[in-house]
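Some structures are shown below for you to check.
Okay, so subunit A shows up in both of these, paired with subunit B first and subunit C after.
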Partner chain A sequence: MTHDIHLHHITRVEGHGNLVLNIKEGRIEELRLEIVESPRFFEVMLLGRHITEAPHITSRICGICAISHTLASIKACESALNITPSADVILLRKILMHAEVLQSHILHLYLLVAPDFFNVGSVIPLARSNPEVVKRGLRLKKVANEICRILVGRHIHPIGMTVGGFMRIPAKKDLEEVRKVLESAIPDIDETVNFFKGLNIPEFNRETRYCSLKDKGDYALYDGKLYSKENDLTEVEQYRDFITESVIEYSTAKHASSGDSSIMVGALARLNNNYSQLSDKAKEAAQRLGLTLPCTNPYMNNVAQLVESVHCIYDSLGLLDQLSSGNMNVGVGRIDVREGLGVGVVEAPRGSLYHEYGVDDKGIIKSANCIIPTAQNLANIEEDIEALVPGILGLSKVEMIQRLEMLVRAYDPCISCSSHFLEVKFIE
Partner chain B sequence: MSDDRLLILGLGNVLMGDDGIGIHIINELKKLNLPDSIDVIDGGTPGIELIDMLSTYRNVILVDAIKYWKGDSAGIKVVLPDDIRYREDDDYSAHDIELTSVLRLMRTLDLAMPEIKIIGMPAYNISPAIGISEECKRFIPEAIEFIMEISGSKIKNDFMHSENA
Partner chain C sequence: MPPKIGVFSFTSCEGCQLQILNLEDEIPTLIDQIDIVNFREAMDEKGQDYEIAFIEGSVTRESEIEEVKRIRERAKVLIALGACSHLGGVNVLKNFHPQGSWLPYVYGRSDLFSDTIPTKRIKDVVPVDLVLPGCPIDKREFLRFVQGLLLNIKPGLPDYPVCVECRSKGNVCLVEEGKWCLGSVTRAGCGAICPTYRDTCVGCRGIVEGSNIESLCNILMEKGYSKEEIRDKFRIFNGLEEIQSLL
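What follows is the complex of A and B.
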């Protein structure tokens, strides 16, 4: 039997990609995950700009992960300029990272993933059949947006964070409001765990290299060293020893590898590497959801995202308790520019996000490099599909396509802004 | 929906030529001395975030581009949510949520909706470009005047309503 599957524009992913799969006599003859977005050239845009502008420019790389890009950029700037932020600044940044991870995961789980489990094409029919489910997702997403609004003005392209600290010091009542908003989310996140507990996740396992930050104390989202169980802990400045990027002819996004292996980044990779550092409530959620670690089923990335969402809510409440009780020290001090090279890495919702800038003695950017999580997962997705296909050849065409799309979607790829439609070419 | 303020919200992408006309008009409005009871916001391309923006106001004036087709009478169009012919298919992507998708989702979920007037600006060139076309630009003064007029009456109405109450 011959299958020629051309998923032209994979639906319900963030951006624009095609899957080309040609199967003959049960063997894959051709397999390509094509990323056909236009290159964005952000690194080139940074050249010649002052380093303090970089966080505001690179925030525009993504409307979903704007906090992550801003913070990876700020950390790269602070490393280049030898600036050490205060403990309160770091605590507030961690709360903001949690808010972004929460909003991104919830958006993915409720608006993009949930329709698969109800066998409907999108959130619209889901809103008709199960409005309470969609409303719950929107309420949780609003929680994260509110936290960002209170602390940094807005979630998309935040304006309150900058190199060295915050442009506005949150008042006591702001922090009380953040706490209230977080506490209001607890019943909904608990119900979300109940909801996803009942859904049937496809069974498929393939071992790969799970890469993420790893920190001494925290479950690493804001800071740490580069880690996979095959590698020693690597300082972020040595990231080129840890991860290699390569150009692929059919894709406008680069592929990535570590050593001789493709890699997986994101929620499941982080849980595999750092499970013991999760908050107790998140561990309890993992148990309720039937997630045992280490886990090699990429479909379980969705469950891992939910476990992290629980962690982000409870851990944020703990971080609020750690902030100074008196006047917080989060203002921006004097910034002295100097020649240097800085690397900043955070765990964005979809995985490790790298920014690196070289600056001259006037603070002008002379070199820039950004490595985005989705690009790191692409080679791994292709290898997953290669391993998955022999086991699903017995399914109907419709089921086979759905299983493949669900796999790509489980990685929550954020390709770039674009329109979507599904055109399937399936020749026997 | 507790906010009695009026929201004037511009939508669009300033990197896509006339698609950004809503934002250009917002920038012009910000130069004027509008009453404190009016929020003038550059909404950009907010996607699903638009739900939160809309649901906190009772009255909203949206300024957005409407593609100008040859044969259309050139001019500003005032569109109400009921006038929109919504898509009937279920295709929907979280990365592709524009105004009509948001309104459709809010209606499907029966969420509280503000009273919305959409000021549709004729867009002649929607492609990668910074700045708007001359054809589109000539409608800006008329749009500003019109928005001032309807926002003024809205404020007056609200004021009278609260006095009566």
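What follows is the complex of A and C.
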């Protein structure tokens, strides 16, 4: 049996990617996940710019993960300049991070994944056949957008979130509004768990190396050290000991590995590493969804995203309670520049996101490097496909393609993000 | 018959398409009023019979020039969606570095992806009928454009600067506080969202006609900014616009 599968511009993913798979007599002769998104050279763009402009510029790497890029960038800047933000600043950042993770996961689950389970090509026919489902997804997505609107003007390219703090200090009534918005989401997120509980997830398991941040107290999204169970905790500054990148000829996004293994990052990796730190409601959701950990089925990344969505809503309510009750200390103080090198890592919705900048004594960027979650997953997706194909050769070509596209989509690849850059070079 | 619309994406963060998906309250109605035949980020179908094409992103590869030309041939109305498409966006920043340095710096070698070219605006490649500006676009403005297209009324843009909207909101002027802000020369329509959140206007909607750029430069120099610093701020979004001789 011979199959030539060439999915040109895989749909319902963010960015441009092709899957080339050539199977002869049950053996894979050719397998490439081609990333054909145009390279954008953000690292080059940053050279010569003032360090305080970096969060503004790098937010434009990705419309879906604009807050994660802004925060990874801010953390790299603060580390280079030796600035310590206040506790209130960190709490607000964590709330915004949660909002982004929620918005990104919900967008993926309802608008991009759900059509697969109803066997339709997009959310548009689904909106006609099951309007209540789509409207619920849109309401939840709006919750996250509303939180961002209240605190930083908008989600896509947040405003006034900067090195040291926030340009605009939220008023008490803003925080009350954020709380109301979060509370309004509870019935919908509960119903979402019920909805996805009934969906059939393909059975496929392959062990790999799960990488994420790990924090002392919190379920790590905003901060922590680099972790996989095969590695000891690694300081973010030592990230080159933890992760290795390589250039692949057919992909404008680089591939990543840790040790000699491909790696998986994102919701499932985080749950495998940090499950015990989830909020109780999220653990309960995992149970209802039949997710037992550790889990080695990449299709379950969708379920892991939903568990994290539950966590983000409940944990944000807890973070609001921790903010100072009087005047919040979140304004931006004086920024003194100095020569330095800074690394910032956050858990973006799709996994660990690294920014690193070197600056001179005038605060001008002299070197820059970013490592994007989707790039870290690419080698792992290829290895999954290799392992998956023998088991699905009995299916029709249409069913095979669907199963393969669902696998790629389960990783929620964000390709426009991942094809930017990523070589480290220091010019001094 | 609802008009057939295609949404296409070139070099960008895809945030402007996402702004369309961020119209959570309107999407259910919107999909009954327009027939979206091509929108890769959100759907499998890839129809080629569109009348209206929204193009997001700038052109940064040889192959993208041909694709943009093909879309132009098919579309009756071509709309530049967002700053990357309209102005080249932040993608233009790489143009200020030697082209030979880009690939070695990022990929460590220069033999791959060598069809990379300096960033172009869509209007540098084909005629553009309408511009929906911003980084990202304002989703309300997108709705207004769609309403106009449905009613056969050409959608227009404000011909006054962000300053007008900023003042009407009662914001404290950031330039008066000594900060650089390009709101006095940038096209309005965003509701002065950045200065309202206490951040400076970066000029993402482009320069409005009749702006006195020289005067703004003089004021900023009085506030202590050097000519180079001011030029760098304009370059973030307007590095390809025909204003460089004024900076």
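FYI, the second predicted complex is superposed on the first by the 416 of 428 C-alpha atoms of A that agree within 3 Å, B and C clash if a C-alpha of one lies under 4 Å from a C-alpha of the other, contacts with A are read in each partner's own complex, and residues count from 1 in each chain.
Rule of thumb we're sticking to: contacts are C-beta pairs under 8 Å (C-beta built on N, C-alpha and C of every residue); 3 or more make two chains touch, one makes a residue touch a chain.
Bear in mind that the values here come from a model prediction, so they are computed numbers and not experimental data.
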Three-chain arrangement built on subunit A, subunit B and subunit C clash or fit: clash
Contacts of A:Arg139 with subunit B and subunit C, given as first, second, both or neither: second
Subunit B versus subunit C as contact partner of A:Val247, first or second or both or neither: second
Partner chain in contact with A:Gly165 - subunit B first, subunit C second, else both or neither: neither
Subunit B versus subunit C as contact partner of A:Val152, first or second or both or neither: second
Which of subunit B and subunit C A:Phe41 touches, first, second, both or neither: second
Which partner reaches more residues of subunit A (counting touched residues only), subunit B or subunit C: C
Partner chain(s) touched by A:His56 [first = subunit B, second = subunit C, both, neither]: second
First (subunit B), second (subunit C), both or neither touched by A:Gly344: neither
Common interface positions of subunit A, toward subunit B and toward subunit C: 11-15, 63, 107, 111-112, 121-124, 127, 131, 134-135, 138, 141-142, 145, 155-156, 417, 420-422
Subunit A - residues contacting subunit C, complex: 9, 11-16, 38-41, 43-45, 47-50, 53, 56-57, 60-64, 66, 107, 111-112, 115, 121-124, 127, 131, 134-135, 138-139, 141-142, 145, 152-157, 159-160, 162, 167-168, 247, 249, 252, 254, 416-417, 420-423, 425
Residue numbers on subunit A that touch subunit B, as the complex places them: 11-15, 63, 107-108, 111-112, 120-125, 127-128, 131, 134-135, 138, 141-142, 145, 155-156, 417-422
Contacting residues of subunit C [partner subunit A, same complex]: 9-19, 21-22, 24-25, 27-28, 31, 36, 39-46, 60-61, 64, 89-91, 93-94, 96-97, 101-102, 104-109, 112-113, 116, 135-136, 193-194, 196-199, 202, 232, 236
For the subunit B and subunit A complex, residues of the former touching the latter: 44-49, 51-52, 90-96, 104-105, 108-111
